[in-house]
Amino acid sequence: MTRKELKEVVWQTNLDLVKHGLVIFTWGNVSAIDRNEGIVAIKPSGISYDDMKPEDMVLLDIEGNVVEGKWKPSSDTPTHLALYRAFEGIGGVVHTHSTFATSWAQAGCDIPNIGTTHADYFSQAIPCTRAMTEAEVKGEYELETGNVIIERFQGINPVHVPGVLVKNHGPFSWGKDAHDAVHNAVVMEQVAKMAFVAYSVNPQLQMNPLLVEKHFMRKHGPNAYYGQ
Amino acid sequence: MTRKELKEVVWQTNLDLVKHGLVIFTWGNVSAIDRNEGIVAIKPSGISYDDMKPEDMVLLDIEGNVVEGKWKPSSDTPTHLALYRAFEGIGGVVHTHSTFATSWAQAGCDIPNIGTTHADYFSQAIPCTRAMTEAEVKGEYELETGNVIIERFQGINPVHVPGVLVKNHGPFSWGKDAHDAVHNAVVMEQVAKMAFVAYSVNPQLQMNPLLVEKHFMRKHGPNAYYGQ
Amino acid sequence: MTRKELKEVVWQTNLDLVKHGLVIFTWGNVSAIDRNEGIVAIKPSGISYDDMKPEDMVLLDIEGNVVEGKWKPSSDTPTHLALYRAFEGIGGVVHTHSTFATSWAQAGCDIPNIGTTHADYFSQAIPCTRAMTEAEVKGEYELETGNVIIERFQGINPVHVPGVLVKNHGPFSWGKDAHDAVHNAVVMEQVAKMAFVAYSVNPQLQMNPLLVEKHFMRKHGPNAYYGQ
Amino acid sequence: MTRKELKEVVWQTNLDLVKHGLVIFTWGNVSAIDRNEGIVAIKPSGISYDDMKPEDMVLLDIEGNVVEGKWKPSSDTPTHLALYRAFEGIGGVVHTHSTFATSWAQAGCDIPNIGTTHADYFSQAIPCTRAMTEAEVKGEYELETGNVIIERFQGINPVHVPGVLVKNHGPFSWGKDAHDAVHNAVVMEQVAKMAFVAYSVNPQLQMNPLLVEKHFMRKHGPNAYYGQ
């Protein structure tokens, strides 16, 4: 992929957040990485989605040094970069404040895997991180946000669980590329809404764990065959 | 109906799912049967709604043998075919992951018939299936999904109850043709939303059973006279 | 007003129900009365909103005899006519199955007057009717629906409380003309939604009765001065 | 700013309320002040958003004397003016009946600061005013509405908490100019919706107070660096 193409993908997927109703104002950002070149493209800081052009995207190396671009990168850049460094299988990262996923993050709860809609994309619950410490919040906060995500994924395969809730903050998702990360952000918002309604209808609801495995594996397992 | 017309109807009604806000991405499918010819048309597997054309629809016989089409049929095809074999009065089948109906399916609860909106289309509660067994999930899963629906309808007339919730999964609906099945999918989503709100407002609410009979019969009984 | 104008108003306000998101399919109807001529215009039965033209509206006298029109009037016509006969101050009637107002009707609860949005239009709670008897449901059901509304308004001025919930069914609203009745249908849906959320947030909430009187009177009292 | 520009800003921001889904009918108003000239522009009373033109905006001095304009100013004008007189740092005021913020006002509850979406704009909870007394409601009601807001802000910096819920009524917000006040109205509606969902999911949820300070200060503090 050329740098121009990388910037276009990141520009397009940032606009897709608006199209899918996941962000208002500038409350979201998408990045993508070119693993061969070691280059990350990300949305510039505080620029309105209406005005953004592909050439406004900022290019950085994986340590955060700006390689190309006239704007400051998104303030959330250190979180994105921490995820790229820790999760080698991912090619795109999305952060939003989408309504229902953010509400679950504010509730401080994992979203339990209670339906096939969820199981089609996530092999288990969508985890919520622990509360951040004073040292983390007052230190390199955005980097530490990445670190509490990574800590939460000890023993979890991020390719099988492509998203997280940062406690009292909001969702991050990822995927094999930026389009896939946006797709997973839409899924998280949708399953967050459904889980809110489902638990209101029946607080004692029970998931069938066989369905979680079946739905995840028929789509993502070695013998995947699924397409609706 | 010609094969071309059958494919056009199925193509159109699949797009109608999007228009009615019942699906995002490819999370839904519609099929229709020509009972005279014994031919079922269904959406192809994993094709985006934006790109689909009438000629992409797949034609099968009622046992699932492909008769015409260059794509794989939807993975949910065995469920559709089981319903056509068991419920002779139906001409179209719809599956979606629409938000509120899916939430009730995740809750594992029948949607009680608590209003005339519901009673105008369903003569009783919208039933929810039982949990599937390990043998069913690990066996011919999509076919067994059809079988648990059929089991749940023992003693229920599927023409009077044109939809079901598959537990922890989502809604299926049907009708005399594909348009009618989509119509009933919209109804299920709407009554699922209303029931969620109504029980939140008053968990002890009581339906008047006389109204269920009256509303269903004035629209579907032998002396039907209803039109709003 | 000419008959042509009366039909155009009723046609337009039926379409307004769709524009305001109050109806899907044909789940609603608007009528208007010309008190001088004793003529009521109402939506025809079961005709889709997309296809309706002004000349499809049906004209009746207040007893229900068709005066002009090629279609059957809406099945709900006897309810509309009962309201015109009983409530002399009204010029238009609306029936919908709008989501939140219908949910409160299904819950069988009055919508308490808990905010100024509500008090700007209704001088008290929006009442819910009692359960209908077997004789009423099996008799002239649509007429009896009007009668239980009228019974519920004993001691209530329908001009000060321009709407009602029919238990387990849905909302009716009215106004000085058809436009005003549609306006009040929008208000009912909005206050029903807000009351659902407000009681979820605080089941012990208390309204200030002084505000109900103040807001209703500054807009509808003899010294009305209000406009936002 | 010329008077013409002031009127155009107020006209535009009133239309923005509709664009952001914060008002239906005429249920909202925006004003702006030119502090140098001592002139306030506000929406005229009861004029539909569709018909309004910039020249319809009403100009007043800060005591409420009309300086220019052919219409009556919004009935809520005395509330706006009280806020301009008391809160010197603000340049625009917005009042709406937006769904979720109004629901919290009806509930009579402060919206707790439970997420970074909230903390990015408000340094603490969004306060709700006390119940108004009979003297206040029957006296200069709209002025007294301003006064109970001002009373509630004793010890609170209105620049750091740019909005309030008036009990049983609805939200007011403000900002450095009218655009900023509308922006804060959108934020209030969004955080009100999220808080409703979050408390439904987990009534015992806990906010991390470190995050409130961090998010507010990184955007509004002396060393602000934030942009998403």
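For clarity, chains are labelled A, B, C and D in written order, and residue numbers in each chain start from 1.
Assume a contact is a pair of C-beta atoms (placed from the backbone, for glycine too) under 8 Å apart; a residue touches a chain by one contact, two chains touch by 3 or more.
In UniProt terms the chains read A, B, C, D = L-ribulose-5-phosphate 4-epimerase.
In this text the structure is predicted, and so the values were computed from the model without any measurement.
The chains that touch chain C as well as chain D do not exist here; no chain meets both. Of all residue numbers used at the contact between chain A and chain D, under half are used by both chains, marking a mostly different-residue interface.
Of all chains, the one whose CA centroid is most distant from that of chain D is B.
For this pair, chain B with chain D, the centres built from the Cα atoms lie 46 Å apart.
If you average the CA atoms of chain A and of chain B, the two centres end up 33 Å from each other. Within chain A, residues 195, 199-200 each touch two or more of the remaining chains. Taken as a contact graph, the chains are arranged in a single closed ring, with each chain touching exactly two others.
Those residues of chain A lying in contact with chain D across their complex are 24-29, 43-47, 72, 74-76, 95, 97, 99-100, 102-109, 131-132, 134, 137-138, 141, 167-170, 195-196, 199-200. Those residues of chain A lying in contact with chain B across their complex are 114-117, 183, 186, 190, 193-195, 197-202, 205-208, 210-211, 214, 218, 225-228.
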